[in-house]
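Scrolling down, you'll hit the structures one after another.
You will see chain A twice below: alongside chain B first, and alongside chain C after that.
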Partner chain A sequence: MATGQVRIRVPDGVKAGDVVTVRVLVTHPMEVLRMEGGKPVEKNYNFIHRMAATYNGKTVFEAETTQAVSQNPFFSFPVKVTEPGKLQIQFEDTEGRSYTGETDIKF
Partner chain B sequence: MNTPIESRARRRALKTLAATGMALGGLSLGLLTPAQVLAAAPGMPLPDEAVADTLVRLFGDRKPQPAGEHIKLDAPLIAENGSVVPIRIESDLPMAADNYVKHVYIISDKNRRPLNAKFTLTPESGRLSMATNVRMAGTTDVRVIAEMSDGTLWEAKQEVKVTVGGCGG
Partner chain C sequence: MKHQRMWIVGLAAAAFATVQAADFVDTNQSRATPEAQGGIVDGKQKRYAGPPFGGVPNDWSEWPGYRDDKPYPAPQQATLPADLKGDADNGRKLYMSRAKAPCTGCHLIRGDDVWPAGNVSTDHQQIGDRYATPEAEAVLYQYIYDSRVINPQSFMPPWGTVGILSPQEIVDIIAFLKTQRGPLPEEKDPARNPNTRPLPENYFGDNLDPTNNAAVVLAEGAIDTWTRQGPKGKSCADCHGEIEKMQGIAAQYPKYFPLYRRVMSMEDLVAWHGADETGLELPSQGAENIHLALLIRMQSNGMPVAVDIESPEAKAAYERGKALYYQRVGQRNHACADCHDADRGGGKFLGGRLLGKKTDGMTRHFPTLRTNFAQIWDMRKRMQWCMTPLGMNYLPADAVEYAEIELYLTSFDNGKPISAPGMRH
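And now, the complex of A and B:
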């Protein structure tokens, strides 16, 4: 799996007003310490430090993660849906790259 | 004798040095609020600290109260691999527009850097029910602290025995 692949799963058969549990997984090494010449370097970390989910353009969930979140971070979070729409999830890592995934929630 | 360009570069270097010194001074005197410290170095690991310091840094002198039935923390009793410890949180705390769970913190007491993650929710979340995987350095308590929009703190705790620690943390 390539780094930065975002996979989102939402349940089927959603009704208006339901609280939907969204599950999202992003492929990322979440490096704790990078080795240089066989020695760990106390800088140059590379991990996802921010995640934000928007539903129809409105922020519904945010996370500030540290290096103590597992490799290939997985999150599940609730969203109350009142109308069908587009769920967009963005991840940012400490090297400034961002990874985005989106899915539609249909009724 | 310095050429004008050289002296200009030198002046700039001195200015940078002075600014850095001031910033460091601000940190060590504790003049910056916790939010500023978190935001000051985006993506840099948090400082090595004991869990008590983390709690003070995040919440000041506010003490969390035991959540009891309000938060159900689901974590394994024994985690064979400390680098992937699944944590699931269910709660019946209100999610109304005027009183809702604003932040959820996951803290592993004995990690070198105890704060695992901080989550921000909104009233639109509907119900607090979430999950993630964290790294743990060794056998220790996992705390989940929910901060309500009015500042009340609720805490749920469970010990997780870790067979093989997830490095770093």
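And now, the complex of A and C:
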């Protein structure tokens, strides 16, 4: 699977002042914690650990996730929109790679 | 001269026979994952012994199945034992006991704790008024013990004859049923009564939205399988090209293949043709198999189902599938038709579950996400799970019997659009 595809869904028919629910998913593996001799193996496990959403350049949502985040994690959050614009969502994994997706919210 | 001609005919026939033999792949030896092949361990059905299925791991080997003609007990006359006294409270417990049936799966009784009740069969809320005399009680006893004696068309399992309910238990249930009399109490919750319960519709939102249905992204991941070269040096893509070229293909499945001399679903074809050509291991109901079959099927989303049931081979398979659909099997002597024909249980509630009607089509959303198991199920796993209420051990996932039943069911979807993966609870 192509890693790092960001899929964003916003509702149609948005009006100024509406609170819209943004749904976003990124395709990404989640490396499972390995145990050896009863102890967790100390290494840099690969999973999504940060996401941030900006609307017209202004940060509207940020999240930090830990080992418990799933494969292909899905986030949903509300945003109040007063003007049409560009929603950008960036994910970052523990190996430092980042994946960005964007969509337009039209009125 | 005559001899010579016969020789030629003989030679031609022999040559034809060899070609046929080389061109035939026998699918009798199942290629399903060990779990999907069934099997009994320590007297339990392996798959259902553990979570999330715990509860019905019974071994039903002694009862007739699709593949054997074990005899089913003949209808048995039963007389109400005069020396037994019924305990109505215990009868109510038995009536609701999941380990016994439960009776509430098909019949409705009074009480707010009766949840969820079904309406496949008659409403019992006033049965006590109708069966008040001792003669009527004897009829009731016979009906529960073995209904086939009174009504050969009945599809209620013969609870006494197969030993699920003992005579004492039946007497207890009759004592309880006699308490179901008089005017009906007011319903507090319209959802309690299956006749007034609202139907669940489009429960989960858009099933093709990857942010809504986790199966979409998993299936898209199968592009790796599609393009991966197996030990034979070929990948699916080497012969078939881009996955988009599969558009419309899945609408024709299940389809008859002369090479296998049977109908194959997409999952069967991935397990046999896909594995044979590439050398990859793609066992039926393995994750790769289901994801790849789903990816191929997704290319036909929105297109109408168009399975062939006209050609002689397909027609014969369709007729066999239809016969299997109506064949009574298992401990409970049920057929698929008992739940899915509109004149029996189709479109009604079995407990809390709304039973699908075969005429609405039941296959075009498969493989589907089962939200309660967090698993993608293909049609076959759904069918194997259906064997549980029949009281029959399931067949291997790639069994030809399932393929033929699937063809029969899919024929009702003809002309309706494919929408896979679906979402079901």
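As a working rule, the second predicted complex is superposed on the first by the 98 of 107 C-alpha atoms of A that agree within 3 Å, B and C clash if a C-alpha of one lies under 4 Å from a C-alpha of the other, contacts with A are read in each partner's own complex, and residues count from 1 in each chain.
Keep this in mind: a residue touches a chain if its C-beta (ideal position, glycine included) is under 8 Å from a C-beta of that chain, and two chains touch if they have at least 3 such contacts.
None of the values given here were measured: they were computed from a predicted structure.
Q: After the match on chain A, would you call chain B and chain C a fit or a clash?
A: fit
Q: Is A:R7 touching the first partner chain B, the second partner chain C, both, or neither of them?
A: second
Q: Taking the superposition on A as described, I'd like to know which of chain B and chain C A:T94 touches: first, second, both or neither.
A: first
Q: Thinking of the overlay built on chain A, is A:T66 touched by chain B (first), by chain C (second), by both, or by neither?
A: A:T66: touches chain B, not chain C.
Q: Looking at the overlay, what does A:V19 touch: chain B (first), chain C (second), both, or neither?
A: The first partner, chain B, only.
Q: Have a look and say if chain B or chain C is in touch with more residues of chain A.
A: Per-residue touch count on chain A favours B.
Q: Between chain B (first) and chain C (second), which, if any, makes contact with A:Y45: first, second, both or neither?
A: first
Q: Touching A:T27 in the superposition: chain B (first), chain C (second), both, neither?
A: In the superposition, A:T27 touches chain C alone.
Q: Is A:F74 in contact with chain B, with chain C, with both, or with neither (first, second, both, neither)?
A: After superposition on chain A, A:F74 lies in contact with both partners, chain B and chain C.
Q: For the combined overlay, can you note the least CA distance between chain B and chain C, rounded to whole Å?
A: The answer is 5 Å, the least C-alpha separation in the overlay.
Q: Overlap of the chain B and chain C footprints on chain A, residue-wise?
A: Overlap of chain B and chain C footprints on chain A: residues 74, 76.
Q: Which residues of chain A touch chain B in the complex?
A: These residues of chain A touch chain B: 19, 21, 32-33, 45, 47, 49-50, 55, 58-71, 73-80, 93-95.
Q: Can you tell me which positions in chain C touch chain A when the two form their complex?
A: Residue positions touching the partner: 209-212, 214, 217-218, 220-221, 223-224.
Q: Could you please specify the touching residues of chain B with respect to chain A in the complex?
A: 38, 42-46, 83-85, 108, 111, 113, 115-122, 124-136, 166-169
Q: Give every residue of chain A touching chain C within the complex, in rising order.
A: 1-2, 7-9, 23-25, 27, 72, 74, 76
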